[in-house]
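Would you mind keeping the following structure in view while I ask a few things?
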C-alpha cells in the first residue's frame, strides 16, 4: 500500500511540480493549440503516458486527452491512484496542447468504486490526514479545472466514483440497468463531506440531493438520468463516439470565456473547501478514527471479501 | 383559547423538560431499539398517549410513531395545538425506542388548515410574541428532528399545514383532486416568513417557490406532485401502508449517518432562524398589529363563518 | 449614438426624477387604482407616451401598461434605449394607476438582441462606465419592481434580451422553433456578469445554468420551455390575450403581500449587485478594454454587417 509522506513529497518524487490549488479564475487562458507551433514542424498526432493505474492518451490534433482508469478489480481510489490522478491532471493542465479530458474506465462494468476503504481502516492519524488531503486535492483540481471535463461512465460508480462524474462538466452514462451511480456513503454508516454534498446539490438540486444522500441511494442509469445526475444515456458501443462529439461541442467555444464562466459558477463551492480545508481534514480524522466507524468499515470489507470468494 | 404564559411555562406545567432548540447535529445517535432491552423481557408492542388535539401511537416493534391530528373542524394550528405538538415530538425524540414519526390527520378531508387566525387577530403584543415563538419552535424541532419524519397528507393542507408537510423528510399525498396544498399566505394579504420560504425553496427550487408564493397558490394533489411539492400520490386506502413502507426504507439506514446527513442538508436554513429568531418575532408582531392586516384577517374570518353557516 | 453624460444627468434632462435604486421592500404598497379616484370623475380608459425607442400604453381600467420595443432593426439595448427604458419604468412605478407591465416587441421576429455592441467597442473608459451603470440600473429597477412584470416574448431574445425576460415575474414565448432565447455571451467570447448568472440560476437552477452559460446556448422556444427558461408557449396570435390573462391572475392578489413576497425572493440577489456595483463596473471596464476582447467584438460586428448586406 501507499508509501508514507505528504502528497507534496510523493508528487515531488514523481518529478512534476508540487501540487497546490490553482484556481481556474485569474489564470492565463488556455489557447487552441494550432498557432503556437512553428509552421512546418512535424507533430505527433497522439501521445500517451501511462503509470500504474491510469492510462492517459492525448490526441494533439483535437486537443482532447482520455484518462482511462485501469486499476482492477474496481478502480478504487487509493492514495496511489489519487496521486497518479492528480499528477496526470496537472500534466494535462500545464500542456497547452490539451483543452479537454474524457474520463472513462478500462475495467469492465465499473467506472470507479470510490474511495479505497483500506486507506481508512486501521491506519495512523497521519495516514488519514494524508489520504484526505489527497482526496480534497483531486476534487479541487478537477472541479476547478480550466479544461473541459467529460465523464464517460461505462460501469457502476458509487461514492467517490460518483463524485468524479459529478465534478466533470458533462456526464454520459452507458444505458445499462445493471450500472448504478450515487453517493451511497450513508449505506456504509459514513457521511459524505460537505463538498461532496455541495457538488451534488449543484447538479441535481437540494431536494433530490437531500433524499438521495440520506438514503445512500445508488440510482440505476435510467433513474440517474431522470434526476439529472447524468446528462445523457447511450448504448455502450456509442459511448466513446458520443463523448468525442460532446467534447467537440464544448471546445467550439472560446476557452477564455468558457473558463471564466465555469469558475463563476463553481467559485462559491470551491472557495468553501479552500477556506475550511484543515478543519475538514480534522473532522475526517476524528470521524474515521471512531471505533464504531472502524467496526462498520471492517464489517463492510469482510462482506466484500466473502463476495469475492 | 390559549392560556397566557410562555411556551416554556406551558410545557413546564405539562411535566416535560422545557423546550429549547436541540440541533440534530452533534447529539448522540439514536440506536435501533432491539439490543438495549435485556433479553427475555416482555415488551408491549404498542403504546399510545393522547392529549386533546393529537393522538400519538408508538409501535415499539418497528420504532415508528404516528401522530394523528384530531382537532376538528380543520386541525388549525392554535397555540394549544402547537404546544401539544412540540411536547409530543419532544417525548418521541427522547424515547430511544422511537426512530420515526408519521404525521397524518384523523379529521376527514383536511390535513391541517394552518395557523389559527384567531391567535393573530385582536390579541395583545405579548400573545403574538408567544404564539410566534411557538410556531418557530414547532418548525425548529420538526425540521431539525433526528427521527425520520413522513407526512401522510390525507386532506387539504394550506399555509402552516403545508409547512408541516414540507418540513418532513418525505411527503405522500392522497391522490384526490379535491385536496390541495400550498403556501397560500399571499391570498390572505399576509406574507410567509423567510423560513417558510427557505423550507419551500429547499423542496421545490427557487423558481417554483417564487411563483407559487407570489400567487399564494393552492396546488391540487397532481400538480403538487408534478412540482415535487409532494413525493408521491396514492389512493386514500393505500396511504397508511405506503407510509409504513417508506418509513421502513428510511429506517433501513444506520441512524447516525442518516442524521448527520440530514443535519448537513438543513443546517444553513435552521441556523438562519436561530440567528434571527427575536428579530423575526418582532417583525411578525409589527406586521400583524397593522390595522390593515387586522382588517384583512377579520374579513377572512367573517367569510369563513358565513361559509360554515 | 448616445450623448455623453451620466445616466442621472441624462434622465434629469428628460424631466423625471434622478434614478436611484429604490428597493421594493419597505416602500409604501401600491394600491388598486379604483378607490383613490373621487367618484363620478370621468377617467380616460387609456394613456400612451412614446419616446424614440419604446411605446408605452397604459390601460387605466385594468392598471396594466404595455411597453413595446420599437427600435429596429433588432431592439438592441443601446444607452439611449436603456435610458428610455428606465425612465418609462420609473414613470409607471410612480403612477399609482399602474400595477403591472407587459414587455413585448413591435419589431417582427425579434424581442431584443441584447446589449448594443457598438456601446462596448472603441469607446472611452467613461463611456463604458456610463453604459454599464445604465445596464445595472435597468436590471435593478426591473428585478426589484413593485409592479407585476410579464415578458411576452414574440421573437428571438439572446443575451441582454434574455435577461429582460428572466427578470420579469412570468415569461410567455411564441411557440415558433425559429425563435430562440438564452444567455449566449460565451459564444461572443465574453462572460455574463454575476448578476445575469444569479438571475438565470433563480429561474432554471444551477445545473441548467452552468451548462447553458458555458456553451452560450440559444435555446429554441420548445427547449427553453422544457428547461423552465420560459413558463409557457403560445401561438403568436394568442400572445397578447395570454399575457393579459396571466397579468389578471397575478393582479388578483393583494399588492402589498405580493410585493413583500417578491422582494423576499429576490433580495439576496439584488443586494449582491448593490453591494458590488462599483467593483462590477470596474470589472466590466477592464474586461471590455482588453485588446483581445475588442478584437472579438469587432469581428462579430463585421460578421453582422456582412450578413445584412
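Descriptive notes on the structure:
By written order: A, B and C. Residues from 1 in each chain.
The rule is short, and it goes like this: a contact is a pair of C-beta atoms (placed from the backbone, for glycine too) under 8 Å apart; a residue touches a chain by one contact, two chains touch by 3 or more.
Model, not experiment: these values are computed from the prediction.
Rotation angle, chain B onto chain C, C-alpha superposition: 120 degrees, expressed as a multiple of 5. Different-residue interface: chain A and chain C share under half of the residue numbers found at their contact. Chain A and chain C have CA centres that are 40 Å apart. Residues of chain C found to touch two or more other chains are 205. On the chain A side of its complex with chain B, the touching residues are 185-192, 194, 197, 205-207, 209-211, 213-216, 292, 296. If you check the complex, the residues on chain A that touch chain C are 169-170, 201-205, 228, 231, 249-250, 253-254, 256-258, 260-262, 264-266.
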